[in-house]
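Presented sequentially are two complexes of chain A, the first with chain B as partner and the second with chain C.
And now, the complex of A and B:
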């Protein structure tokens, strides 16, 4: 009897405790891979920025919602790179943890797969690591989903422009060697590139795909080398972007244009190959000379102990700034009002002024290049500070 | 043609490193170790971590990994798996139990590795071009291949010429009969398991010099090892080596001559064909 009343007392305190707690805390949920195939990318691009943002906001006293200062309480889960797992966890965030807002998932497929569940609970999703040509179709269906990193076509267009420029400059001919990872991402980009490159008068003399996780890419690189093309384009993912660069160095691939997609912008890419990868092109880019970006990169280093990547890191941080400004601007935790606020306003972020047109932001970098130790943006949309492209000249240090 | 043979053989060295350890563990200790890939990645992590923090050469790491992995795997067998061995009534029951136990163990390993390094193990060691019979390849692959050959030959000689080696082979044929002739079966099994784990971890340290791994990639190697072990015949080291060579050369030939996209399909095709005609694997014994 005594024990039961003690329990009741304890329960009463807990309830009272949480209600006081809930008033000055805002709960943000974040689900992304910490294990599984996409973990290697997420721990570079996604998680450090979530950490940075939460620490910075809390350090300045939290979010100002109306007349309340609210500290952020972050609830994070590992989706194990499994969409089914992610959906279960999203359900948990909404119904058990009762988070107020969420950080959008990592990966194109994940953002699309989870848009219905987050939509059901009215969470705005400002997707970053998601590139697709179906953005318009998807935003029409899901009024809570926003895209910020660009489209498949924009990425292929960026590479196409570079190929045309280099052909006009006489550095390459009409032949292009192209490979892609046999995965939704690589296949979609390669399909689009086949059309756009052919339209521009290029001939794809070597066109092969390889499975994700191929241990030996030397046959691929030997084939590309034998094709004699002076331009090499790979729609690749993290482990193979590295594997291809390694083989290119070993085979001494003689090209003037060398492009590999995801992870080329990772600081570790230079860490692994040093100056051998000077003038290598890759997806993404940033303007390190922009003081706002420079300050962001320094804070990233100071808080997380890691160098920000030269691409989606800044976009990821910007997406969190948008969420922050929308909550403060709307002065409410009502998710519908905040979603509408995101649609109607523009935001000051590390990527400059961002706004959405049909839930899609048109401000992003599409191609960057390693130039003397820094990965600089060379092609982009509505971004400033693009530098001229340089021709690749050998693989020596 | 020379290109295909050279690249294919080097790749098969990698595959042999992946599979020889599992062959010992499954063939002798009868433990279907689903954490095989994670042990490999642990070796890789050691190599990456020591190289990036203290510039210790991966070759030196390999030497350091040997005692650590041996003791670690011996402890795992002694304290985690021996109870399963004791209570299992048949080999089938032990396989099911060990699959579940090691599957769980693989998550623990992944958790530990993620807490040390969640991202990719990015580093390069000996990635210098080298010419073999006019075909360009990299020095790190050659080193891994040579060590794989060394381990393979050493293991083969040890299993066939030394007394403990013969005991290991006897247990692989029949643990009941070996017990009857005075072989200490639990001890030999523990030895085989620990040795298998050591080879796998050494393989991981070597492979990480040319393949970019991450904490979660182990399962890919477990699957590859499984194919090779089943294809070559459980419990026969020659089988694992021959199967690794077949797989390496076929994958490279298909990637070069037909399409790199078909390497996995080709690997599984060969696997199915071999199992159709020799269900016990290339060097496996027909069950009596």
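And now, the complex of A and C:
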């Protein structure tokens, strides 16, 4: 009996063994936070899309590189939201694991911090969750780094356009209440907004910041309410985007424009506040009516069991499609050739046709709005399907 | 001066010279670990410089480290300053800050001092964010240089060597003698006429200077500085654990603490990615139960044992 099962085991091994040998493997490395401050965002936007992409590619037989069909072997690490750790792991991917290609990191700082290392080994990095106004300077410096999610200025511009439209429609006056989280990206956005809003003739009657991780945002919201402004703009991060909405509901903040930045597009945002957050504006957006996006969202749900967020999820998946099409198109694992292929060609993705101009893609959503349970894109660059902005009308269900 | 003293210094020169060749011998991954090791050796040695003789446990490493990183980031990103001038400024600010904090708090003793220093990094992080938000209005702090890991490794090695030599000089000076008496019994020290506050402040200042210098050197490696990351409290705990593991009784203690700790840490991290924080806890238990004086204590015990047998 024992002998027979051992034989069966041996047979199973042989079968498994031959199937591995018959097929070539392509190694893809992915490092992003699974713990630490940025993990909350990465497990919504980054990791599920890596999983989805790898499963889909492998299910259809792998990547076609020249005349070889290669299955993807994914090597993933947790950078603990620590740049030093990420740099070390990136070196491990390149020199110990010897991966063929990498998924770009999550977070602006992480993409910039690792660009020299990935660059040294020639890995193209198609960055998604990295938003900066220094894209030109950075791409000039790092010929392997690509940006796909837009610039700081573009995000502020999107909000500015909405404010102007709403002022013209008579829904708001010149007064704007603005708050920001006192951390890198929040400070950067607020700083840009002060300039651009003032240029457009707005008066920032309430301008307040709060430290990252502030548990009680009630004084911030009370101050905004007392200012009497009919437009509220918050350059916020995941924990506080939720906290602010909660306080706005409690205070019954009377505004026609309510905007909070990062994480407003997360499905959990609606999960937490239901229809009370109807007509809330946020960073990002997507065109849910596009059949390609609809199919992508369904596959995301089927494979990962999670709803895709309404912003960078699609961009993240699109960046992996670009990598996939570049490897297949260049028909080689030579990273220099693949990088050049990305620069020279355009790609069919869930975000439509994407191409790079000086390593920067100009196709992205900048502002979206919760409209009847769906977060729809209302402002963007080179995207189709933007819907008109609606005025916020109270916080009832 | 005794011959044994010079012997120690000669050993230091030989080890530093050998360590300088590390980047030529290894690939990127091991060089990266080398940078980590040098960073912690410099931080932990400067920690031992102050905490070793005085027995004050300081959790302020992250505060000074962060100040260094932040100054380099702000200077290079917003004011087009050179890296070297910002490195010098970091050392100055780190030193002044430590002196001020020392003057205000070194009268605290025991657990009060520990708690205060833990809060310090958090306080400075918030202060820095507040200044950035209200006065500087930064567009993200980019530290773009052409330094490679090899350059940073050598800079950190030089810093670590400088800390060591300074410690060597201090321990042979009147100041070092005074500190040992303070560590033994502060009341006695005061009674024999030692200006205990001044001695402690001077030493704490050197810790601040070196912490800021290390933070400044690491900034180009991270390229993009966020207050949240440079002021991470985890760094302070790492420094203390590595220093205690090595043993704070000798200046070379941290060297024998940092190296095994980081090797084990990286091995666990590679093989059991979600369990690495466990190493931190186990190291703590090992220190408390088996290595109260660190590896140094055990090594010296062994040496004494061998001597008594021969």
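The rule we apply is simple: the second predicted complex is superposed on the first by the 374 of 397 C-alpha atoms of A that agree within 3 Å, B and C clash if a C-alpha of one lies under 4 Å from a C-alpha of the other, contacts with A are read in each partner's own complex, and residues count from 1 in each chain.
In this section, a residue touches a chain if its C-beta (ideal position, glycine included) is under 8 Å from a C-beta of that chain, and two chains touch if they have at least 3 such contacts.
Everything numeric in this text was worked out from a predicted model, so none of it was measured.
After overlaying the two complexes on the shared chain, residue contacts for A:223 are found with chain B alone; chain C is out of touch.
In the superposed model, A:258 lies in contact with neither chain B nor chain C.
Contacts of A:235 after superposition: neither chain B nor chain C is touched. Looking at the shared chain after the overlay, A:91 reaches chain C, while chain B stays out of its contact range.
Judged by the touch definition given at the top, the superposed model places A:182 against both chain B and chain C. By the touch criterion defined above, A:272 reaches chain B but does not reach chain C.
In the overlay built on the shared chain, the residue A:113 is in contact with chain C alone; chain B does not reach it.
Residue contacts after overlaying the shared chain place A:53 against neither chain B nor chain C. Shared-chain residue A:209: touches chain B and chain C both.
When the two complexes are laid over each other on chain A, chain A has residues 34, 37, 81, 182, 209, 211 in contact with both chain B and chain C. Those residues of chain C that touch chain A in the shared complex are 27-29, 31-33, 36, 126, 129-130, 132-134, 137-142, 144, 148, 218, 221-229, 232, 234, 266, 270, 273-274. Remark: chain A residues 34, 37, 77-78, 81-84, 87-88, 91-92, 94-96, 108-110, 112-113, 115-117, 120, 132-134, 137, 141, 152, 180, 182-185, 187-188, 190-192, 194, 209, 211-212 touch chain C in the complex. The touching residues of chain A, when paired with chain B in their complex, are 34-37, 39-40, 43-44, 47, 81, 179, 182, 208-211, 213-220, 222-223, 238-239, 242-243, 246, 249-252, 266, 268-269, 271-273. By the touch rule above, chain B contacts chain A in their complex via residues 3-4, 7, 10-11, 14, 110-111, 114, 118-120, 122-124, 127-129, 136-138, 210-217, 220, 251-252, 255-256, 259-261, 263-264.
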